[in-house]
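There are two complexes below, and they share subunit A, which is joined by subunit B in the first and by subunit C in the second.
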Partner chain A sequence: MRGNDDAILACRNVAVRYGDVTALDDVSIAFPRGMIHAVVGQNGAGKTTFARVVSGLVRPDQGAVEIGGKLIAGGNVNDARRAGVELVHQSFALPPSFTVAEAMQFGAAGGALYTRAALERRWQAHLDALDVKVSAGARIRTLTVEQQQAVEIARALVTDARLLILDEPTAVLSPEGAKKLFERVRRLKERGVTVLLILHKIREVLAIADTVSVLRGGRLIDGPLPASDIDADALASLIIGPSAKMLAGEDRAALTGAAAPRGAETETGPIAGPPVVSLRGVSTRPDADGPALQAVDFVVQPGEIVGIAGVEGNGQRTLVRAISSLADIAEGSLELAGRDVTNATLSQRRAAGLRVIPFERNVEGLSLTSPLWENWSAGQLLARPLLAAISPSALRRECKSALDAWDVRYAEVGQPAGSLSGGNAQKVILSREMDESGKLIIAAQPTRGLDIGATAFVWDALRKARDGGCGVIFVSSDLDEVFDLADRVVVMLSGRIVAEFRPPFDLTRVGAAMTGARA
Partner chain B sequence: MSGQLGAIIRAVVFILLALAACGVIFEFAGYSAFQMFHSIVDGAFLRRNALEHALRWALPLFITATGVVISFRAGYFNIGAQGQFYVGAICAAFVAEWLRGYPGGVVIPLCFAAGMTGGALWALWPGLLRLRSGADEVITTLMGNFLAGLLLVYVTAGPLKDPSGSGQQASSRPLEAAYRISTSNGVSPTIIGIAILVGLAMWWLVNRTAFGVLSGLGGRNPTMVQWQGASTWKIGLASFLISGALAGLAGTIELMGPNGRLAGGFLPAHGFTAVLIALVAGLSITGAAIAAFFFGGLASAALYLPVMAGLPSAAIDIVNASIALFITARSRLVDTLTKAWRRPWKTS
Partner chain C sequence: MEDVVIAILRSGTPLVYVTLAGVIAQRAGVWHLGLEGLMITGACATIVGIVLTGSVVFALLVAVLICIAGSVLFWFVVEKLKANQIIAGLGLTGLGLGGTSLAIQSIFGSQAAISAPFGLPRLGAAFGAYGVLSVLVLVMPVVVFLCWVLLCRTRFGLRLAASGEHPFAARSVGVDPSAMRLAALVIGGALCALAGAELAAGSLQIFSQNMTAGRGFMGFAAVIFGAGHPLWATLAALFFAVVGALGIRAQLVFGDRVPHDLLLGLPYIATIFGVWLSARLRGGAKSATGGFGELRDS
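Entry: the complex of A and B
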């Protein structure tokens, strides 16, 4: 399409299909060298697939990829790597028990025999040259998220990479961490490396990128456009497309990260009276599943959504698990709707009005190989004795009417839960957890991986629950969506609640609290 | 139901593939595959009284297999049915020996209680180890099989030894005739009744109770049911105990029915065939009834082959092993072959 000899990367008519799903549809694009390029789009737009095709991880069903004018064999990582392409994944792949030097050596060229000291000297020099402030002898698991990412990038630059692809690098970072990452990216550009950033926040695109390209539903909508020529609003329209109408202004901004929503006091406000949940001085026993809670005081009133913000892995998961009886409370007390449930089982807590939308939809929320009606009725069956007689046909009927009421798209209630799309699977969980008798709803990363329509649906459901008098705990690592939805935000850091904010929310101050800096 | 039909077709395709592989092996071993299969089918299902002979093996196998279904469905791979079967038989034999002389109406129920309890206890310790500390039940129940086998040798050569025995093979004294629930042909209304009762009870447990749904969910995804508030202890322990008790029940039936005495190393493949039946049945109770009859027929053919057709009974071992291989390998070939019957789930 655009013949460009100066292009570091050119794709011609690239298409990728997974079964019935078209992940990339006839994408032709060329990126000039020496710049910072952003590729943006919603979940499911095909961004990650694009990155994987370019780096040789996925063989396109159609089309060709050229790096620096040289055609690379599709689906061959080594070929792409020899051409100078390196990809840093969204989820890090460094082995936690390795030292930094070992992780760098792993996959790099060099002799099979080495001493630890020699290895550390070699890689310390490389890290210093890239201004990564990490000791080469440190174990990966002791590094912060930012440091791990910096090491991943340094590792990608071990070979003479000419095109560095970062897949959603800011998703795991605090706003401050993202700023530092962008400085690092700019320095790479000065060294002559072309950087392709997969992003989904407009704010970040405009802060860093020289050009921007928009994917939607697997198609290239436009790009590469000079970033200086486009404003946030126009970009948001390109990203969201025709479904933009159904979104209110703040929701639209939150979805695209155009501008951080400030939040607003709800008209009604929280309902006075006994809180739906109250933690007093709660500490949990340390376990392998994230940092323990330390003396957490936390209250949710009926009729409010409390957002839990924080860099991932700072105890949000432990908080949810402690309230759900899946982490042991060592000290302190926990009350649900006025009842002390410190030592109660999850079943008893559910009976007291607790409902949980867990972090991992496909692991904690659903049994993918089991039929929908079994998934849907698990909670209510657990409230009965194990030998209680059940009528599968009655449960199927109840499940059907519940799923229909929640607008789930499915063929029949006997189909396995794994056959649903992410958004529909999440709706099944909503239909199970958001019944009338719930008093406290914990929604943990409920929109992760969902497309625009499903995300807006989940937000609306949580708002309705709040307006109906429920207390809602909303955990998300995406500050835009937290600000948009929450009536109050608390920030977690290393298993503690370190700050609390009320609207209007300020991105800088909340971001600072997330990293422990003083605002 | 398309799901059930698919499962049946899958199982049949598995078995046909396995038989084809067997045919190749038979030909290589110098036998005519056609003659071999003809004799097997003849011995298993066609000759006079074949159905009764098949039933003799199928009934205890079915009972043990339903227990395997219960534990496998819950996600616990209790492959110790063989050991639980032995311990059940041993416990029942002790009770029958101690109460020698008391009326059958008293002794028989106590033997059954002892046999089921023994089998359950032999499944209890691997269950506790698994649930308390995560010890792999595949390893512990497998080890339990060897322990139970040695225990059987000790008991038949020691405490329960038949002093008048010929010394060929150690065995216990024969049970009093009043305690037998069938003749040595192994089919009697009592045994059939027990099998039907067990089948109905387990079908109800799996398909019509909260336990059935929750153990099925937990077997496929234990994390999910934990987040729903399930205690893994209750369902897990119940699954181990039920599967052990049913294997023990089958052991008791073999003792008090066709065998009439304990013999060292009797029916060494019973538990493993039961595991095979459960897997071929796709962990369904109804399926297990059909599969048990099929494998019961094969078991009776194993006795028939050398006597009537002059063919080695090891042929049946090869058939069983091939089916096991194909079932456990979850061959992709079968997925492809049965794809036409498995409806992909379309959403509007």
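Entry: the complex of A and C
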């Protein structure tokens, strides 16, 4: 590529370590100005750390960052912002109680004292100029994720940003929303802003980027390469690396978002018999944790994986909470394996065969400060009477054999769960939740944040459970993953199930259902 | 009627000052349970300062500086030593209550109440019956207004609130949430000193042990009741003062027919009721992050 003088951003030998983990390893790269650059890689490849180093949020342990030919002090956001770098985070960094105008103002300069009206006028003009259709007086918490992202981008542009970094901007969007985002990014490029997109779907990279750079395991594998010179297959190999061999073609495509997804051709149809779970007209009482379910009818047969698709925050969590007795069912009935459990406690539901791999591995799934054997045995202790005697040594032995069977990498069963890597922690949960007596397994975002090997492991485990006659509810915001794994897909929107699809899945149609574009 | 209003202003003014200190801390993400300790420190320093130096201005200055020092200590323990805010705050309260007793014991050789020859300047005859009130009562609405402007109409206020509500958002635009909390606690320390000064030298000119009698905690309750908003919290503080004044009134009216202790307890009962009501109405206070400030850092 061209020399450093022409580069908007140049990194030299940048390294970041968190304790024993090397997040970035000797990365040297330069990005020419005025283009759309993609940085791709799997989970744990160091993409987010890279974005944070460039924007000054993380101080590199080694190396230097130059913006527009000027060296900036590492780990200093103000310095990076003065140089024209703005970062839009994956999970947005806007205080929910602020109005849109306040969220703009607090990161801006000028206008020390303000009145509310003047503030809203000032920022409404800014929003209008960027074609963001949001009222400046609206509270952040009332916005949809797509609006929040648009506001966050507008916030990033309150200063004279010359390099805008978007960290996984499409992760929370519907396919339609991603398309609109890309149009917005192209308009920014026309205005002279260099855009750095952190992505992990090849399809999206090829649709938008001028150049692509690949990170794997914290190292720069290649880049920036002109995107026109590379095809999806070559890029997939760069991203996945040597471990590509262990993946079947479909899984590989799903992992990298390389091809237009088609979906599994199911050889095994669902097994006849009573459904493992059946919701009839279920509505939940509104609470603070998300949209309530509204008259949801939903059935899972034994031996099928049902994918739950939808833009995040449309009731997927409430559905999981309703089945696992964490949300109050106001109307309707819930059956597990033929038993009515509408008013049953969690332990009764578990006795009926309910198993849950929860959304938040480190909060709901495990007690990070407790030893592995306690975490593992929580599942079976719940089924025993309150005052039943516990034999720690027996539980430790059982736990050890279970963890070994699930190929968990650990030192001893007494070590705290928080000391495991994400993939191994998830395997502990799998070993607890996927026993022989389980009939319905809810897997909620089970691969989020996991690397390739662990992701493939989770997929295999869920397929095996399905083939063994379990019903599986598979919630994921990654459509490629849903299409690859699920035998049937339902789409949730605002607490309702709005559509159902069978293979072959069509990304456009499912995407349209996610945004309610199609009735 | 006048005497009721005077009673409300007298008991309400210290409460409003300490409440504002709590509001600023709350918005910055600190559950400030050290208000009580800072307030009594301010009360003690003011009276001792007047007795020892004979200068009100000097006494107030000393009180403000000591309370700011206490706030900086609190900040250091919470932010730098990563102590739990609640425990550290209660510790600060214990330090204030015990430290003031120790101070008067060592200075005056006894723990009896200390009375000063004079207190804060009064409004004087120009204000008629209200002339008995101290200047801090007159300044109070101005301070409330300034706090509101600072918190709700400046970028400083937005950055303070972002530091409390979403520290990562603050860091993303180059704001140091820890530094914002220091600023919040320093301003709050000065306000606590004024609260203590008004309580001890506004009308009584006396310092006695434990004289704050839970007003710092009541101020904290007003913060919750007022959802961390300076104006609503001020109204909540004044509401508690009104209930207290009515309690005293009721004593005169009912005499021995109603237990004396029950009437004295009215402001505290009102506090509990107020906190319950605010929880019902709003589903909780404006979020201070309670020691989990960086939890949302993904």
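Everything below uses one rule, namely that the second predicted complex is superposed on the first by the 512 of 519 C-alpha atoms of A that agree within 3 Å, B and C clash if a C-alpha of one lies under 4 Å from a C-alpha of the other, contacts with A are read in each partner's own complex, and residues count from 1 in each chain.
Following the convention adopted for this analysis, contacts are C-beta pairs under 8 Å (C-beta built on N, C-alpha and C of every residue); 3 or more make two chains touch, one makes a residue touch a chain.
Note that the structure is a prediction, hence the values are computed from the model and not measured.
In the superposition on chain A, A:A288 contacts subunit C only, with no contact to subunit B. Put subunit B and subunit C next to each other and count what each touches on subunit A; the higher total goes to B. With both structures placed on the common chain, the touch criterion links A:S228 to neither subunit B nor subunit C.
In the superposed pair of complexes, A:A112 makes contact with subunit C only, with no contact to subunit B.
With both structures placed on the common chain, the touch criterion links A:N375 to subunit B but leaves subunit C unconnected.
Of the two partner chains, subunit B is the only one that A:S421 touches; subunit C does not reach it. In the superposed pair of complexes, A:L366 makes contact with subunit B only, with no contact to subunit C. Of the two partner chains placed by the overlay, neither subunit B nor subunit C lies in contact with A:S401. Once the two complexes are overlaid on chain A, none of the subunit A residues touched by subunit B in the first is touched by subunit C in the second.
Residues 324-326, 345-347, 349-350, 356, 358, 360, 363-370, 374-375, 377-379, 381-382, 384-392, 409-411, 414-416, 419-421, 424 of subunit A are the ones touching subunit B in the complex.
Contacts from subunit C toward subunit A in the complex involve residues 149, 153-155, 158-159, 161-162, 165-166, 168-169, 171-175, 283, 286-287, 296, 298. Residue ranges on subunit A touching subunit C, taken from their complex, read 55-57, 76-78, 81, 87, 89-91, 93-98, 102, 105-108, 111-116, 288. On the side of subunit B, the complex with subunit A involves touching residues 1, 3, 205, 207-214, 216-217, 220-221, 223-231, 234-235, 238, 344-348.
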